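Data block below; observations after.
All chains are identified by letter, namely A, B, C, D and E, in their written order; residue positions are counted from 1 within each chain.
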Amino acid sequence: MNASSSEILTQGLTVKLEADLDKNFGETIAREAHGEKLFGCIQCGNCSAACPLSVWMDYTPRKVIAMVRAGFKQEVLSNRTVWLCASCYQCTVECPKGIKITDVMYALKREAIENKIYPKNFPVPILARTFYSEVKRTGRINEIFLLTNYYLRYNIFKMLGYASLGVRLFMKRRLSLFEKGMTNRKEFRSMLNQ
Amino acid sequence: MAQDKPKLKLAVYWGAACGGCCVSVLDVHEKLLDILAHADLVFWPIALDIKYKDVEEMPDGSIDITLFNGAVRNSENEHMAHVLRQKSKILIAYGSCAYLGGIPGLANFSTREELLRRVYEESESLDNPQKIHPQPSTEVSEGHLHIPSFYNDVLTLGQVVDVDYYIPGCPPQSERLVEVFMDIVSGKDLPPKGSVIGASIRVQCDECKRKKSDKKGITRFYRPWEVTDDGETCLNEQGILCMGPATRAGCGVRCVEGNAPCRGCYGPLDGIGDAGARILSAIASMLDGKEPEEISRATDSIVDPAGTFYRFSLPGSKLRRKVS
Amino acid sequence: MKYLYYPGCSLKSSGKHYEISLLAVLQKLGIEVEELENWNCCGATNYMSINENYALEITARNLGIAEKQGGDEVIVPCAACFMGFLKTQKYMESESGIRDRVNQILNHSGLSYNGKVQIRHPLDLLVNQLGADALTRTVEMPLKDLKVASYYGCQLIRPYATFDDQWNPHTMDDIARAMGATPVDWPLKSRCCSGSMTSTMTDIGLRMNYVILKEAKSRGADVIITACPLCQFNLECFQGKISRKLKDDVRIPVMYFTQLMGLAMGIPAKKLGLKQMLSPSLVLN
Amino acid sequence: MPLTEQTKQDWSPRIVAFFCNWCTYTASDLAGVSRLRYAPSTRVIRVMCSGRIDPEFVIEAFTQGADGVLIGGCHPGDCHYSEGNYKCLRRYHLLQRVIAQMGIDQRRLRLEWISASEGKRLQEVVNEMTETLRQLGPSTIREVVQTVIK
Amino acid sequence: MPVNEEARVGFYICHCGHNIANMVDVTAVAEYAAKLPNVVLSRDYKYMCSDPGQEMIAKDVEVFKLNRIVVASCSPLLHENTFRTATSKAGINQFYFQMVNIRENASWVHEDKEMATLKAKDLVRAAISRVVFHKALEKKKVPVNPDVLIVGGGISGISAALTIANAGKKVYLVEKEPTIGGYMAKFDKTFPTLDCAACILTPKMSAVLKHPGITLLSYSEVSAVDGYVGNYHVKVTRKPRYIIEEKCVGCFACIDACIFKEAKFSDEFNEGLSKRKPVYIPFPQATPQVVLIDDKTCIHFKTGKCPQTCAKACDRNAFDFDQKPVVQELEVGTILLCTGFQPFDAARAPYYGYGRYSNVYTSLEVERLVNASGPTGGHVVLRDKSKPKSIGIIHCVGSRDEKTNKWCSRVCCMYSLKLAHLLKEHTDAEIYNFYIDMRTPGKGYEEFYDKLLNEGVHFIRGRVAEVSDWAINDHEKGKLVIRVEDTLIGMVRRIPVDMVVLAVGIEPGKDAQDIRRMFNISCSNEGFFLERHPKLAPVETFTDGIYIAGACQGPRDIPDSVAQAGAAAAQALALIDSGFVELEPNTAFITEELCCGCQVCINMCPYHAITFDDGKGKSHINEALCKGCGTCVAACGSGAITQNLFEDQQILSEIYGLLVE
């Protein structure tokens, strides 16, 4: 291969070489999302238009589907698009081809975490992981611990912006340090660790 | 009476049988004299003291007619079937058991082990703490004792030896026996080998005098004691399960005449491969209902359908026995 | 009919007034509920993002407990928990692989889920079972002239719920009407509130809540009612911040539908958790 | 259900399939025209109507070594001959009870309504039944019938 | 294996090009078959259905003295007749033939050649085992009644009726509505030529009425069908118009005289966009030109207290308030079903706001709006009488969607383009077309699209997610906002419009299932009538003598419907002119000697072909009525009933052959 020609061509933003694609990516995601029919997507864009968050995404959901099945793994996972999905399922219920797009997004999030490809210091995956380990540890969520741990991992200074709200809620007894938890956390953990 | 003709030699034997067939021979009453005018009985365990050894010593083909009743259930039955085949010119499977397996044939719903366990271990009237089962061969101080070995499968006579004719019935109607015998004596042309004789070519309904219509539409079956039979309508139309529509006539519709449903002892008509399947199909064709639940309700009201449809014919059926 | 009750984490903390008011309303209606013993978090959306197996297992554990506890139905008031429960039930029903694996895990704790316990949202119970007429009969102070915008959010009505029309939900409107109030027809009834994004992508989260508050207000609503602790939290607790940041006063009372019911049914404010609210309180005439 | 790796394994059950001419046989033609792949287990016998299927045919099939028997007819209310499928259904119900008593696993006999347009359904049914029979293993009925145990 | 000493079987296996040979080892099967009992000759050949293939059979019969033929190839539903004819030509009875389906049932559905070959061998063995017990039979010839019934008076039914009647045959045209014309009568212009629908349709409608060979039974429905190909017996229920059809001349004096001075009731013909009276005529060119009374809204029928001003106004005494439904019986030989479609109900797509927002219209409503004889006289105005300045046309409403109808409705792209053009012409509004894919495969269709692209109509590729009145700025206020991703740009757009047009798709008529049952034909999965073969027999059904044409068979535009109607008419005429039909001799008969008279069989027969002879005490099958299902055979406990071609012994041998080597 002539390395220099290739380099010159790929400098463009609108060029993608076959060699740089992950050809199995679509299959992997389809399997992960319970055999989701993403290969049946007709690119109608209903998901994008239905999505309340697509306006802030780097790619519209429709484009994500197209990229997934074509094998644009790096592009799909390395930006914040999938992390902006709030799981509202609007796209899923509207998709004319019955693609469970929310489940595809979940599969992409899991894939991103597994491959450690996601935007650096991006708050959404951090919250997800904090939430995940909190539940695994105690079986239930205590919002004080959850948010404290989240901000510790993400950016402690950001917490300051929420301090007054937290205090007010605490005063209203809507946040508590002593909420009754699960009694047999050990068994719960061992169930999950099977 | 043709005095110059030599008398025929006649044998009657019972395999796995209840004795009813032998009694049916006696039931010819005074006609027995007519028979004996033409034939000598050379072997009949129930009536004559002749040992197996005596039979074995008879020349081959020396018996003219043997009426073999009962199914083949053990090694003794089978042995005698072979012996009598060899000694007889005409071997007739006499009665439902020899023909299709009959009531003893219902044992084919169980295995040998199950039967022996039931009889020698579980029977309510039993005192057998050591759970001793009969053994074909036992060592006693006097020497070896042998009893016949008990088969796993009940067989029809036809499954063991070549049979010339079949006379169905449990037991066969005595009148039919006399007719068949007289036909042989008078030298009438015999039907082709393997035929069912002494019975009709049509089924019971042909002779049944009850009123029949095309209104079957059965929604459930009753056992005879659950309903009052009006005495004149087709029993099936009244929901009393009657095997008449697929059972060969010849008995004189005895059961139905006595207001009891036909149980199928005369077996199927010629060319019917599986008597049970045939009656099943005919009975199911009389059912009503379109919803699976309705249909189930009707079919579930038949107690023991396989035992009912194959009551006299299990060993002679396609499957022969319970298969697992 | 034995009703079990799964509160979920929010109803024990930031959504405490949902629990208080729900239980007060149910009690008034003579419906007894029994809290699920030693329940655990449903996993919400975050678990699905990390590990789907765990997500299904921890929810199935709650369902297993419900079955063991011998309930006919389990009432799940939190929209996210409700959806998670339905999703787990659906997956276990339709995929035998998942069913077998999850039950094997549950066996470890002496539990299993076989689809016997039905999952119910209180709205379903109140509107579809008791019926609007029965609710009207309990009203002591009809909420006359009160314009109510029902906000359903997302996971309460889709993708698995069948108790309401997912395109044009109406159960909360039915309740408002039964309480003597006037439901407001508005197009954002089931638009997403951004979920936890108010804590992560704050700017986006606030904007998403802004459009909802703004539209409800511009349609003349006096109050927004919700059935989801996260929706209620976002719309209520951030409305001040939104108004300041976007220089548009979108403050409006945001309460649980059960609180609204309680008011009409004459239940004292204290028993409805009204004191625990941050948004402007509803002034009743 | 697409053909799984499992259905391709060495042993393939033999299913005698009685299909009515108008619905299920046509569906199997449709499956063919649509190139829907399914397990090579069925051996179709065409009859004009499922009402023609005599229980004896089913028993004969088992006796001669079929691992399963599949009956396909028109949906209730859709029979080309008005109600033949109901007649079949009644016989099938009774026959199911009898074969169970005969020691034949009831899953070896299956009745399905498959309309002329349901090629896909045919594929699913055949694959499902094949899978079930795989789990049950080869039928030993023929061997039992042919081997007299004395 | 069962043996019949006299049978000399010739076996042939077809490669079908690669269709069979690729997946079934045909040589191995041929070699295997050669060794089977009774087989005298076994050959494989590239195309058995070709002339050389058929001639080969004839030659072999002569040389090898064959008397049974077995061909393993495709489905008997496709070529059984071909090979029966070949067998017959070879000089042996055509029923000494048996066909083995190793294409649809084997090579096309399997992936493992070894297994497919094994299966083919089993099937071949079964057929050979069966064919030796075949018997010589004769097909019964029955004359064909030359009269034809056509159900449905839309453009398909009208075209077919005229074609057949012009060939000199008698046609009964049954239409359930008060007038013929169908949906086409509602259209303004037709794509792509933009010629006026009424101008091309109404002459055809009046031709139907005037044609001496056509009996038009409007406002009537078929209520029962009996019989078989060539000899159908049909009952038609004529609904009461309360007007004596022969007397009414369509002067409309009664309508003017109706006690309702103002029209009050929703006018179906105008899609509810205008009102009519209880006594009315659907539209000015209705055929027949006969008024009718809607008994659900007429005061006389509701209260009995109407002065009957309408009847008094009629100088021809055409009114008869006591009319009852009348059943008319017809004898016909062939039947054409042209029962059409129904438009998708836009309320089933709630996200587009039909029924919630008054400015959301269906395409059919817009057809009426742009129509000069429509409710607004061809002026496109909204319900508040204002003229829209911007219009969004949403394609694929109800189509290509798993939640509603999965299929492409075929006509919507083109009629949306047509409406875009007409709306532009009428209003000069900004017009947006929202499409998923633009489908214009027809003569002059793509050219029409080209034309529209240059007419200033906007095309946005994307499926609209929602139509709502949620405005986020002043520009959107008071408008309907269409939310869509412009997928070619990759951005979500919000487009405010004054009017939304939903291009609703085509789906099977709501009575399609009832019609299917009544005429004993099948429906495909989606509910359209199923053709006998998708390519080779597109207008035939599995029931001989019954043909289908138009949108009852699938979404179809006018030119295609007319073409199909012609095809169906030609099929019917071909059958009629052949004079007779041959019936499959698969009837059942009772061997009287064995019949016991139990009468179990009698109820098995849906055609009352079995009767009981009280004198003989036996049942009897009327062969002419028997349709050959065989249900009675399985019911007979005596084995006294035999079905030709499906005898017990034949089927049992087939089972044996399948399983035992």
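Basically, a residue touches a chain if its C-beta (ideal position, glycine included) is under 8 Å from a C-beta of that chain, and two chains touch if they have at least 3 such contacts.
Since this is a predicted model, take the numbers as computed values, not measurements.
*Asks:* Without counting subunit E, go through the other chains and collect them into connected pieces.
*Replies:* A, C | B, D
*Asks:* Tell me, which chains sit next to both subunit D and subunit E?
*Replies:* The shared contacts of subunit D and subunit E, listed by label, come to B.
*Asks:* Shared touching chains for subunit A and subunit E?
*Replies:* C
*Asks:* Indicate, using Cα centroids, the chain positioned nearest the centre of all protein chains shown.
*Replies:* Looking at where each chain's C-alpha mean falls, the closest to the middle is D.
*Asks:* Starting from the Cα centroid of subunit C, hunt down the chain whose centroid lies farthest away.
*Replies:* Between subunit C and every other chain, the largest centroid distance is to B.
*Asks:* Among all other chains, pick the one whose mean CA position is farthest from the mean CA position of subunit E.
*Replies:* B
*Asks:* Out of C-E and A-C, which chain pair has the most contact pairs?
*Replies:* Ranking C-E and A-C by C-beta contacts puts A-C first.
*Asks:* Quick check: how many Å separate the C-alpha centres of subunit A and subunit B?
*Replies:* Between these chains, centre-to-centre, one finds 78 Å.
*Asks:* Could you put a whole-Å number on the gap between the CA centroids of subunit B and subunit E?
*Replies:* Centre-to-centre distance between subunit B and subunit E: 58 Å.
*Asks:* If you average the Cα atoms of subunit A and of subunit D to get two centres, how far apart are those centres in Å?
*Replies:* Taking the mean C-alpha position of each chain, the two centres sit 47 Å apart.
*Asks:* Scan subunit B for residues touching two or more other chains and write them down.
*Replies:* As it turns out, subunit B has residues touching two or more other chains at 273, 278, 281, 285.
*Asks:* Identify every two-chain combination in which the chains touch.
*Replies:* So the chains that touch one another pair up as A-C, A-E, B-D, B-E, C-E, D-E.
*Asks:* What part of subunit E is in contact with subunit D in the complex they form?
*Replies:* 75-78, 101, 103-106, 108-112, 115-116, 118-119, 122-123, 126, 517, 520, 522-525, 530, 534, 542-543, 586, 604, 606, 627-631, 633-635, 643, 646, 648, 651-652, 654-656, 658-660
*Asks:* Can you name the residues of subunit E that touch subunit C in the complex?
*Replies:* On the subunit E side, the touching residues are 350-351, 356, 468-470, 472.
*Asks:* What residues of subunit E sit close enough to touch subunit B in their complex?
*Replies:* Contact set of subunit E toward subunit B: 593-604, 612, 617, 634-639, 648, 652.
*Asks:* Over in the complex, which subunit B residues touch subunit D? Could you list them?
*Replies:* By the definition above, subunit B touches subunit D via 75, 78, 109, 112, 149, 151-153, 155, 159, 273-274, 276-278, 280-281, 283-285, 287, 289-290, 292, 295-296, 298-300, 302, 304-307, 309, 317-324.
*Asks:* Given the complex with subunit E, which residues does subunit B contribute to the contact?
*Replies:* 201-206, 212-217, 234, 244-247, 249, 268-269, 271-273, 278-279, 281-282, 285-286
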